[in-house]
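The next part holds the structures, each set out as structure tokens.
Next come two complexes, and both contain chain A; in the first it sits with chain B, in the second with chain C.
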Partner chain A sequence: MGYLEKFLGNTRKTLLYRGIREMNKKVRILIAKPGLDGHDRGAKYIARALKDAGYEVIYTGIRQTPEAIVKTAIQEDVDFIGLSLLSGAHNELFPRVTELLKKHGAEDIIVFGGGIIPEEDIPFLKSKGIKAIFTPGTPIRDVIDFIESQKEAKNNE
Partner chain B sequence: MAKENDIKKHYQNWKNHTVAKGTSRFPERKKNFKTTSGIPIDTTYFPREDPRETYLEKLSFPGTYPFTRGIQPTMYRSRLWTMRQYAGFGTAEESNKRYKYLLQQGQTGLSIAFDLPTQLGYDSDDPRSEGEVGKVGVAIDTLKDMEILLDGIPLDKVSTSMTINAPAAILLAMYILVGEKQNVPREKLRGTIQNDILKEYVARGTYIFPPKPSLRIITNIFEFCSKEMPNWNTISISGYHIREAGANAIQEIAFTMANAIEYVKSAISAGLDVDTFAGRLSFFFNAHNDLFEEVAKFRAARRVWAKIMKEKFGAKNPRSMMLRFHTQTAGSTLTAQQPDNNVIRVTIQTLAAVLGGTQSLHTNSKDEALGLPSEESVRIALRTQQIVAHESGVANTVDPLGGSYYIEYLTDEIEKRVWDYLTKIEKMGGVIKAIESGFIQKEIQDSAFEYQKEVESGERIIVGVNKFRIEEEPKDLEILKVKPEVRIKQIEKLQEVKKNRNNSAVEEKLKQLKACAENENKNLMPPIIEAVKEYATIGEICGVLREVFGEYKENIVI
Partner chain C sequence: MNELVEGIISGNTRAISKAISLVENDGPDKIELLKEIHRYVGESVIIGITGPPGAGKSSLINVLIKEYRKQGKKVGILAIDPTSPFTGGALLGDRLRMQDHSTDENVFIRSLATRGHLGGISLATSDAVKILDAAGFEIILLETVGVGQAEIEIVEASDIVLLVLVPGYGDEIQVLKAGIIEIGDIYVINKADQMDATKLKTTIEYYLELSPDKNANHRKVVLTSSLTGSGVDSLIHEINSTYNFFRKKGILNERRKTRIRKEILRILNSRILESINQTFNGRNFDSSINKILNKKIDPYTIADSIFEEMKKRSQT
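Presenting the complex of A and B:
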């Protein structure tokens, strides 16, 4: 898909603004902690490591509602949302985020997740639009590779 | 002295010749060896000072000041540490069953895990509780749940530790009232509430109120318990979570001590005499992988605390100077890859805690990087402690590593570096200032970042993660699942309680609580007990306090 189609297909932002930005903007990533869980070591590490890798990263802080996360994501015009959760509420809260993105016409924001997430939950989360789940021990390289491949796929759309 | 110089000369000689010759054939594995907190490690250690000259001042005998070697004279020769597995999930009924199972398996104390809504003062039916009810612990809304949770567990026989901070006063009130129903008076109850809010701001995240009112609640609890609950540990000042958030061993002790100093100061300035409450302060530390550094850490912590209490706060009672602590093995060291390997990690960490002289211990289960532990893996974790206690022989003498040149060097180094931090924090105007400015958070995060970088680069080897990897079949571990129906059940129970209680009495008690909260000079414990007795919910009680005290807003530092 060429640039023009992509440009025209986007309804979320002012088209022109979005189109120009798209050409030379840095990838923007929101790292967010939904739910009540306070374990933020992983989220903060990912935020800092992605920043070091050259991305623009925003970190929400702990205890965010899915509504607040989606609002920030749209306001900040991010390309990716990385959700981190270690309390076991991922099956409820991760899909809430993708649902709300859809509701606000922002489903082009790519959502990935991480934390203590049992393997058996991963297919369900993927079916709800979470593109990747990174469990403990994942090297940061894998996350970067994922972001780059998604970016490329998006550019080729 | 002559002899000492002799040793030093021999050492230089040995280093220049024997070591040089050896390393020319077998170079050392690394250019620089260091502990996880960055203390340099030499090839070997030797007596740098005459131990007889400093022995009484630095070490002395177990059970005597500065308690470096242990707080009791005979330690595990008299009584083994308390084996206390942190547990709780789903509903009160389910958790009650798990506690009875653990006690039956030889566990000697209870440790209650609460779910996040309980820890943050939200009822199960609060929209913010969605997805979280019963997940990381048991859901408690009212006294009714607590009655079910402790049903058939004799509170005059077991000691109970409750991991609860911001709403600690409420859970303590519930425990007192369940005790009364079992005819166990409050002065006989034994246990601990975590009640350590300062570390929540920098590491664990379950704060509700800002520092000032939070410290008031804590001081109120100290005062109440000093009069009514002589056997209750009023706080568990925790380095555990600071370490889990990424701090190193030195920072773990330094920041915990800085927090402890703040609690003592605040109680003293509220008019309490130090010796009336200090003996009930307890601590909670992490047992990590670097075995010798960890042992030295515990020894250094005891010495630092004894000095703080004696020299800074003028405590007279030796009990006030004794650092009593619970230990948990380091959850963050467990790997999702080849999870069976975690049993070995936990064993090493158990040794660290025991050789370091802990009073109680929780050993993690091998599957905790994957989800909630199954009954089987919890049993293996408990067995690990039992094997160390009964088969390894390490519990047969006190402080068996005392006098090891290396251990004493590390103990001294850690102590020195802890004092450096404490001086720095004091110069900043105390720990609350250091938290508000983000200093503590930044220090922890820098360490966490460095650690992870070392893992990413392969400089730090984690077996099965960045080395010795295998292709693994999808995990066949049996993970405990908390079903979403738990919330529905819990909400039904809550509605039932609300229907059957005396609602006008609840309203009245909450009004009285509010009035009390508004008056800084009043103790909050009595009105909280009154409200809990009428089955006011945690959400209602915290709601009143939120109204008066406001909520803390995170200072985001990355």
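Presenting the complex of A and C:
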């Protein structure tokens, strides 16, 4: 235990202390909306909720191409990409993202998805490297648990 | 390490982005990396962009990127947004406004969270600038968090500062105050399509005339609209002429020297803090704290005696 930690003792919950501790590696997550639908309420909700869970969330807004998403993810050095789509084009656009990540040697970035996605499409998407799909009604806790477990698995590699 | 340095120098996106993470997370190889790239640093023009939240800094950057890309220049952008003091999380939304350039190979955008640092930028900003500089970005645009009246660290981090203002933030008295209002090299009145933009321009020009700074009359006020793109040409023109003026007058060199001086002090500060940490590892000064609480002694006397003890120890 460091001097600073000892010295601060009971005040360890203060913001000052938290600020110092939080200098360590942060989990960074890109929330992106591929495709042409403009329904961004879900994406904004998840971005906000993940921010409140203590992650650094990069939000890029609606109508992103898979190329733009992957380029952004690499520049931002994110650990996760969360894709939100409600138009029905998920079977084309989600796998395109994982494909491009592979092409750029960035397949270590974990991809998950959400939106209006029929049950029967989920096995296909998983086979294309989408690690999890969260459909409407998913409690935010499930998403955080997923991120934490993936993070742990990555750290243990 | 060599691989990472080579990657940065050759402009490899993944290398640049991993290197920025390394300095942001204060990783073990950070210092070695910064030493290695030092000889490649110092070629970029660093433009700081600051102003209140919602003034249109990100949108203005979007149009600036477009202009610089027309000139064939490589542009690097660091956009800083605040970290929550309650959760440590952050929502980084600046690049949302810069999506016109999201697939351009010669544009690199990185969002940084303040991670508890006050002053408008993050602690890692200056080191991240060095990485972009070494990677060959001719123009580096630094966007601060939305600032209030006193977050002025951007001055030390950049060669030239654009203060972006919009009409409607108060009366003339706000312009007369100290702090942020004094730091602009160029004052950009954005959202010029709105009412009162010209009035704000006149007020700032009047204040600049009164300024005791002999270079103040070279500080320009430019009206822009990121929405229509109007005024962006003249903004670029003012940036160029101000930069050239700074170079000719030796101001640029002075600023860079100040930056280095402050950097040395900052490194020394952190070294001293580390050594305090090592010297007093495990001690929590309980008895001294109780004495201070009971008014037997004051904190200055205690700190002085601890400091004396430290000096003695470092001599042995």
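Quick notes on this structure:
Definition applied: the second predicted complex is superposed on the first by the 134 of 157 C-alpha atoms of A that agree within 3 Å, B and C clash if a C-alpha of one lies under 4 Å from a C-alpha of the other, contacts with A are read in each partner's own complex, and residues count from 1 in each chain.
Here is the rule we use: a contact is a pair of C-beta atoms (placed from the backbone, for glycine too) under 8 Å apart; a residue touches a chain by one contact, two chains touch by 3 or more.
It should be emphasised that the depicted structure is a prediction, and the values quoted were computed from it without experimental measurement.
Look at A:P136: by the touch rule set out above, it reaches chain B but stays clear of chain C. Of the two partner chains placed by superposition, only chain C is touched by A:Q75; chain B is not. Of the two partner chains, chain B and chain C are each touched by A:T65. In the superposition on chain A, contact of A:G105 is made with chain C only, not with chain B. Of the two partner chains placed by the overlay, only chain C lies in contact with A:E56; chain B stays clear of it. Legend: residue contacts after superposition of the two complexes on their common chain; A:I144 is shown touching neither chain B nor chain C.
In the overlay built on the shared chain, the residue A:G88 is in contact with chain B alone; chain C does not reach it. Residue contacts after overlaying the shared chain place A:R48 against chain B and chain C alike.
Comparing the two complexes, residues 47-48, 51, 59, 61, 65 of chain A contact chain B in one case and chain C in the other. Interface residues of chain B, counted against chain A in their complex, comprise 116-117, 119-120, 122, 128-132, 135-136, 200, 203-206, 244-246, 332, 335-337, 368-372, 445, 448-449, 452, 456, 462, 465-466, 474-475, 479, 481-482, 484, 554, 556, 558.
Those residues of chain C that touch chain A in the complex are listed here as 13-14, 16-18, 20-21, 24-26, 83-93, 95-96, 99, 102-103, 108-111, 113, 115-117, 123, 276-285. On chain A, the positions that touch chain C within their shared complex are 1-4, 6-7, 9, 15, 18-20, 22-26, 47-48, 50-61, 64-65, 67-68, 71-72, 74-77, 104-106. Against chain B, the residues of chain A that register as touching in their complex are 35-41, 44-45, 47-49, 51, 59, 61-63, 65, 87-93, 116, 118-120, 135-137, 139-141.
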